[in-house]
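Chain IDs A, B, C and D follow the sequence of writing; residue 1 opens each chain.
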Amino acid sequence: MTSPTFEPRHAGFDQRTRESFAHQSAMRTLGATLASVAPGRVEITLPWAEPLTQQHGFLHAGMVATALDSACGYAGFTLMALEAAVLTIEFKINLLAPAQGESFRMVGTVIKPGRTVTVCEGHAYAIDGGREKLIATMGCTLMAVVGRDNIQG
Amino acid sequence: MTSPTFEPRHAGFDQRTRESFAHQSAMRTLGATLASVAPGRVEITLPWAEPLTQQHGFLHAGMVATALDSACGYAGFTLMALEAAVLTIEFKINLLAPAQGESFRMVGTVIKPGRTVTVCEGHAYAIDGGREKLIATMGCTLMAVVGRDNIQG
Amino acid sequence: MTSPTFEPRHAGFDQRTRESFAHQSAMRTLGATLASVAPGRVEITLPWAEPLTQQHGFLHAGMVATALDSACGYAGFTLMALEAAVLTIEFKINLLAPAQGESFRMVGTVIKPGRTVTVCEGHAYAIDGGREKLIATMGCTLMAVVGRDNIQG
Amino acid sequence: MTSPTFEPRHAGFDQRTRESFAHQSAMRTLGATLASVAPGRVEITLPWAEPLTQQHGFLHAGMVATALDSACGYAGFTLMALEAAVLTIEFKINLLAPAQGESFRMVGTVIKPGRTVTVCEGHAYAIDGGREKLIATMGCTLMAVVGRDNIQG
């Protein structure tokens, strides 16, 4: 399926996304980088790191989910109104293969933008010896939140 | 609904679960403690910590998911055969309220054990000023893996 | 976990739910009955019927989902404003056991009501020889829709 | 993302899938047709029909899920061993737009085949006046069941 393309709702979508990402301490804990930002599509990369692993030395499923959730959340955020903040309502992740590799690439894509509710999908790839392998898929529902003092960006 | 009660399949379920938890570096990164282990039910607690937060200062949804996934995974593990390792096939999380509080309690419960596939549910609570609030629910499917050299415990 | 109790937002919640249910042709196709309506909790029952089965003679997972989705949707609807219609944003179902039995009972319960977004969970039971067995669980997110001409009730 | 291509495990995958589909009474109730069968990919079509609707005249979300679940289930079935039957472990569906249209096309695709557990994704399209619109996506986990007397095909 060809991905749809989207128009951002304001020129500041890129800067605003990068600023919000910079405020996610969890992304620093993951060693994650915001690799690309486009309207409706965000890519996050991170290296394998021992503090993120489960008992077999693979990335913990929850850590894969953390990076994928941010990729999906920011993909949605790029299409939201300037005054909106983004919260995740729910996500579901299927782990297709153990998260082993030198590094990981997480791609979040909007499949249905909305004024209040936005639906995204995420794909996680493990990179090892130059080869990429799909290791997880995510379905994610976001809410645009407006006018709550403690929730901005 | 009353929770079902389960019989462990071997006497070592408690020790084995604690040993595997101790090997999850991700749990150390979360500052998480294995608070209780019973057949088919595991509880994990963790304090709020800045490195786990998203842009609004709440625990990142993925970090909530990480702790809940371990609670569910180990709940299932307590009922698995001695030679089995546990992997998460998929989980889905609904975020009911922002993850704000002094500390968090994650409860994983088996709702359907199986030789190969086990289904669990998880409940995440935020604790603030002595009050508990349900902030997230998880549905989780696990697989018992036997005979793969690189996957044990 | 004890279920929370809820206050309906208007006296007509019961009648309005029954009227909307009566307009769901899919419920007639299922032979389903609205067995009980309470604020935040709705119960639907249906007999086993051959036109609803999959290739092994069990109820098709999608038919179980259809009844559970209505139970969850109407559970949420009982707490929505008078002018709101209800739409399902997403649901996830875990099939715990084959849907075999003489009849089935579907219980939808609100776990987090909201002005726009409501989260419910559903439990499906098969009844056979007087015994009930949990066969499926659902997590479900609903949206209250206001002011769309073609979507009412 | 380009879809992966798969090799069937035996020559009879097509015939076996068609025979099993013919035994799903639920598909007759839906008026559904098995439009195409390929290794790892199955397409089901159905016309809009009043008995499948919810209160607004759209296809009931559960009926969309029923057809999508069969599309995903049979997509997985095409890659399973000859002696295996297929059961759905779980699925999650996101409803992106009301299911309104003259007819509907459901596409199930395997994203990760496995000896025991197979993961699929489904896409549902509404067709109206010659135009197609994506109305729902599904993530689905299947189990290959062998050696249970009452579960075949």
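One rule holds for everything that comes next: a contact is a pair of C-beta atoms (placed from the backbone, for glycine too) under 8 Å apart; a residue touches a chain by one contact, two chains touch by 3 or more.
Bear in mind the structure is a predicted one, so any value in this text is a computation, not a measurement.
Comparing chain pairs A-D and C-D, the larger number of C-beta contacts belongs to C-D.
Centre-to-centre spacing of chain B and chain D amounts to 32 Å, using the average Cα coordinate of each chain. Taking each chain's centre as the mean of its C-alpha atoms, chain C lies 22 Å from chain D.
Remark: chain A and chain D have CA centroids separated by 28 Å (rounded to whole angstrom). With touch defined as above, residues shared between interfaces to two or more other chains in chain C number as follows: 89-90, 92, 94, 119, 139, 141.
Under the stated contact rule, the graph of chain-to-chain touches is complete, every pair of chains being in contact. Within the complex formed with chain D, the chain C residues making contact are 20-21, 23-26, 28-29, 50-56, 60-63, 65-70, 85, 87-95, 98, 150-153. For chain B in complex with chain C, the touching residues are 1, 92, 94, 96-97, 111-112, 119, 121, 123, 134, 137, 139, 141. By the touch criterion stated above, chain D contacts chain B in their complex at residues 89-90, 92, 116-117, 119, 139, 141, 143.
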